[in-house]
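Going in written order, the chains are labelled A, B, C and D, and every chain counts its residues from 1.
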Amino acid sequence: MNAGIRALGRIAPQLATLAAILILVAAVFPGFFDISLANGRLYGSPIDILNRGAPVALLAIGMTLVIATRGIDLSVGAVMAISGAVAASAIAQGLGLAATLALALGAGLLCGIWNGILVAVLGIQPIVATLILMVAGRGIAQLITEGAILTFSHPGLLFIGGGTIAGLPMPVFIWIITGLLVGLIVRRTALGLLIESIGVNLRASRLAGINTKILLVAVYMASGLCAAMAGVIAAADIRGADANNAGLWLELDAILAVVIGGTSLLGGRFSILASLIGAMIIQSVNTGILLSGFPPEFNLLIKATIILIILVLQSPRMVAAFRAGRRVRKTAEAKEESAFS
Amino acid sequence: MNARLLPLLATVAIFLAAYAICYAQFPAMLSTRVIGNLLTDNAFLGIVAVGMTFVILSGGIDLSVGAVIAFSGVFIAVVLRETNLPPPLVFLLLLAITTSFGAFMGAVIHYLEMPPFIVTLAGMFLARGAAYLLTLDSVPITHPVFSQIQDLYYLMPGGGRLTLIGGLMLAVVLGGMLLAHRTRFGTNVYALGGGVQAARLMGVPVGRTTIAIYALSGMLAGLSGIVFAIYTSAGYPLATVGVELDAIAAVVIGGTLLTGGSGYIFGTFIGVMIMGLIQTYIIFDGTLSSWWTKIVIGILLFSFIVLQKGLVWISSRERVRPAGAK
Amino acid sequence: QTVGFSQIGSESGWRAAETTLTRMQAEERGITLKFADAQQKQENQIKALRSFIAQDVDAILLAPVVATGWDSVLREAKEADIPVILLDRMVDAPEDLYLTAVGSDLVHEGRVAGQWLVETVGDKPCNIVELQGTTGSSPAIDRKAGFEQAIAGHENLKIIRSQTGDFTRAKGKEVMESFLKAENGGRNICALYAHNDDMAVGAIQAIKEAGLKPGQDILIVSIDAVPDIFLAMAAGEANATVELTPNMAGPAFDALEAYLKNGTVPPKFIQTESKLYTQNDDPAAVYEQKKNLGY
Amino acid sequence: MLESQPLLCARAVTKVFPGTVALDGVDFTLRAGEVHALLGENGAGKSTLIKCLSGALRRDDGDILLEGKAIDPRSTLEAQDLGIGCVYQEVNLLPNLTVAENLFLGHQPTRFGMVRTRVMNEKARACLAQYDLDIDVTRNLDSYSVAIRQVIAIARAVSLSGKVLILDEPTASLDAHEVAMLFKVVRSLRDRGLGIVFISHFLDQVFEISDSLTILRNGQLVGSERAANIDRVQLVNMMLGRELQQETRSTGRTDVRTGSPAIRFRSFGRARRVAPFDLDIREGEVIGMAGLLGSGRTETAELLFGIAPHDSGSAEDGEGRLRLDSPRAAIAHGFGFCPEDRKSDGIIGDLSVRENIILALQARLGWMRALPAREQAAMVKDFIRKLDIRTSDMEKPVGQLSGGNQQKVILARWLATNPRFLILDEPTRGIDVGAHAEIIRLIEDLCEKGMSLLVISSEFDELVTYSHRVIVVRDRRHVAELTGAEITTESMVASIAATGSQGDAA
């Protein structure tokens, strides 16, 4: 009960921001909240946001864990490209759906292991360690597709990108279930505590007997796995693996989602749920920009301004000032009350 | 020998060894032409990387620099096209803009206690967005001063050119070394990298220094933009995408710790040269496909970093472990 | 003979096909090709050119990422007596700095697409949505301009929405989805003009998922003529595409050979054909023809 | 000095943290030319008060007067400019700068804006020579141990303070020699007319050096008194608000443990760090480790716990050989280690008191088996009570606890794992007299239950109180082992000084 209230308090700023953005978009584009049901599929801009936000949401799940350990994973965009390419070429070789998915996710895991080993065992700084795969990974993906878009039409694979269950697009299910699952694993076991501990003070954590190396490798593996899922979804969405562009610059969006979600880039306390809301905030901004009909040369400026406003409002100083203001008001009220009594 | 120098020495050693290997394979690599090209072609990267080194030494990061370079080029081109202000004045104006932009980001980082990664990411969007507003197209710069500057070079024996912008980069590196290692400001930068809280308690003017660091980075990004404009005689809003990552990589390869507080400006210079060498090598080889190019760049980056780690590790084994080190 | 080739990068299937064809052409003629991928960065292309000059290659092929900024490096090449041939995009430099340019006229491509639409629609009112290329890139700017020229003066044709799709399928699909939402489920839209085929392919999926029939409910015209758009045309889901041939190297090498052998100076611009393909051009057959060219 | 007027004066200073009133209208008066001790239990608000005085924290209410003029330092820089220098409890220096740079940061000698490094290094050497410290000032600070850093921090603050010098537990983990040097400097500053604030839990030192005392309890002023007018017992009563029964011994414990050793180390060592040594640890035995600053005690402990792997010798228990190549391995064998540098090696600052306490136990259980919330709460409550950890809430981030309470949390973390062999490196560093007694009692209790302990301490008295055996370390070498009645402060000092010249810090 108490914990529930605390958790809600944790994500309150993100929820408020999301609501504000949605209202803003609805003001610019009146039909925004309309949702209709057509051929067994829910249809409407809010659904689009949930659906289009799937890759960033998935990336944000893994990224949250990595950032909580005081790391960062720049390679997720490239890993998306790799896993998409692996999936497309595997299905083209005539492999079954299960084998294809296993291969694609396995490729993501492998990338994660590579990053993790660089960070945990070789002690390379995370930005640089993952920068290597960010550069080389896209090359690997292109090597698989030979620079072309590998198209496919396997119905099972396509279902992952475009199918619906109970009217909701499949990608929405995937990210929500993944988020729930990871959230549960992390909070029901001691994993969350250990990850946060590493992020705050790696050396002290090691001295307390935490197996920091394995744990670090594990979070990068989780990030790789999430990126692989995002990659498969992105490929299935356009019915082809576009190694050149899949996931391009999405790592920045994912990091942004995590930060908007209130997890510090200096590691420590994290919240998967808040990061997911952060991802939806970003997607709402993107969709809002598209719906608004401004010319594209304004896209970056609008996005930058909105992000700045969000971050300024959520910055520690502002939050502190807000709280202080509230306290002053409260004490003032209390004084008035006592004056009456 | 001072243990702090180890990563730097390792970097220099690796660079020399790598150059020797390249030379063995392609003797033309040792021509003054190639050396001149290395300096000229990487001048803008070198300048911006010096600014980035200060930022990283202080424990921050500046993702906006690539966009600021693009903005600078566009600004110069558009202003020169639309007005008849003399180029030096335009340069000054531009430096004033980029410096204040950097200072503004520094102020946001300091006063709002926001992470540099995110503030400068937004700065990156802003700067490129502003470039788009000025023009969408690439704008040639036809002012005669530009071609005059381009023709300023010292012809080295063997046909290589030591250009003005190459020289400017060397000057910036030297200036950066002085600033970082010989001034109070420089020590304050290292102090911030060692720990903001401790630095504050020791009386480092944290706010002023943070703002100055990002202002410096902004200014050098502006300078780099000028150099890039001279280099290409044009302004283009899509130019130098991702240069911030190149700069970060150069800084790190140069032996500076991303966590801040440890590293050398000269190392960054070597880092830039290593990046240039990798590219030159790949072009000289000329057989790699687009994708293999990327993969090989990744492999080479990896090898440099691992070699450097290895060298530092081997030589530090000889030393006594620092007690209570973090 | 050694020829250096500075390619922009590998951002699309079309670009990959151009690279493949250039390699094939070089191999056929026994030319050693030094290939340099610039990863979308002009500075890398300049570096590549300088390195080619330092290696003293016999000629240089350059597919410039942007029009401006080549003067000084081209002058260096000229001083070193190395002929430079431009591929598929033009530069903003004095003509004497390069031997010739092989390419298509980007504005013309846009115009061809626009003319097709003008003719197809006749004088029915038609709201057009436009998927632009990467903001600021020259194909995006020129293809937009050409298209607008073609429809200018036809009051019934109006571009009601225009947004960038970054030349990619995924963005094309996402942006098209928002167009459909914004324009009354797509019922306001009569035609889509996409700056490249990839975005069109993405948009076609979005249109289908919205329950409309691409090619009928919404006319679709795009540029490049990559194989996948022919599949769509064969299925009646796309209407027209303007070809941008990836074989720029063939004519380039021809011109180079003539020039090196007996000093024949080629014309300054060798324009490739901007051929319009519609559903009547047996798209299935064209697909078969194109599918193994490395797109 | 003449009977001096108030130099620094705090009136009704109040500081509130979420959940805690750290200072509640505290008055404090420091006169020129006096050493003024600030005393109180852990969490009483001492550090908070001096942080408010020196600009590190902003007070919520109250006035601060310097020489009669109201001041309001917003940063330590401003305070330094006003002539107030301060050494904070957690040594706040920069590990990545050289010793000289740390000493002169912000005040480097310059010419034409360029720092004159050579001059600075010269001055740094001269400055440290006053403390008998002869180290390479061009090396990074992180090559030196906590104790040396403490001396450097003091030297820096002394050189910065024109009027007021504030020292927050400067002598924790300094050895007697260093303390004597420090006091010499402090006295000379006092004689020059500075006002000096001195915080310490070592009452002997307090009585030795201070002229006046101010006592805080729970953020409130208990009283101020001339040192001459108060005795030790009164003082403790004022601090704790109750009486303390304390047992001290003048020689080591006589209930010598016999029986076969539970853990045997044989020629255990590491090249260039610690010369190989033999060590037997018996069940229920407390082994003290004595030595001077930098003698290699911490390094020995780190070797035993597998932080720095040994490269010679072996360890075994009744069952067989022990692999000790990482902390994890050591913990698996039932070892525990409470480090000296609690800030970087001990606390996980942003995590709560509860999480910090269960951390080692949880790490041993593995990530799959999370301790049930109820069990955690019960265990944590128990330790908070037993060790008297002052915190408003067990969910409070441990970084917000006072220094001494942080130390107790780390101790609790290891006690929670119920180890068979626990290494404590300066466990009572910064712990108040009350808790000190508690912890010593706890140590003795644990031994009764069969736990073996290795305790490193710079307090020889303390070692005498609880050790069955004392190992003396000098120059990274175990030079003597004292047992039972041999254990006296004098014998320890004697064996440290046994060979050659003074084993000073150099």
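Heads up, the rule we're going with is that contacts are C-beta pairs under 8 Å (C-beta built on N, C-alpha and C of every residue); 3 or more make two chains touch, one makes a residue touch a chain.
Not measured: the values here are computed from a predicted model.
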item: Interchain contact steps from chain B to chain D (minimum; 1 if touching); value: 1
item: Chain pair with the higher count of C-beta pairs in contact (A-D, B-C); value: B-C
item: Cα-centroid distance, chain A relative to chain B, in whole angstrom; value: 30
item: Rounded Å distance, chain A centre to chain D centre (Cα mean); value: 43
item: Where chain C touches two or more other chains at once, by residue number; value: 10, 16, 19, 135-136
item: Interface hub residues of chain A, defined as touching at least two other chains; value: 142, 146-147, 203, 297, 299
item: Where chain D touches two or more other chains at once, by residue number; value: 344-345
item: All chain pairs that touch each other; value: A-B, A-C, A-D, B-C, B-D
item: Complex contact set, residues of chain C against chain B; value: 4, 7, 9-10, 16, 19, 33-37, 39-44, 46-48, 50-56, 66-72, 92, 134-138, 141
item: Residues of chain A that touch chain B when the two form their complex; value: 74, 118, 122-125, 127-128, 131-143, 146-147, 203, 252, 255-256, 259, 264-266, 297-305, 307-308, 311-312, 315-318
item: In the complex, chain B residues that touch chain C; value: 26, 28, 31, 33-34, 37, 40-41, 44-45, 132, 136-140, 147, 150, 228, 231-242, 276, 279-280, 282-284, 286-291, 293-294
item: Residues of chain A touching chain D in the complex; value: 188-191, 193-194, 196-197, 200-201, 203-211, 215, 268-269
item: In the complex with chain B, residue positions of chain D that touch it; value: 56, 75-77, 80, 86, 88, 92-97, 101-102, 105-106, 108, 110, 113-115, 117, 138-140, 142-146, 149, 156, 160, 272-273, 294, 298-299, 308, 340-341, 344-345
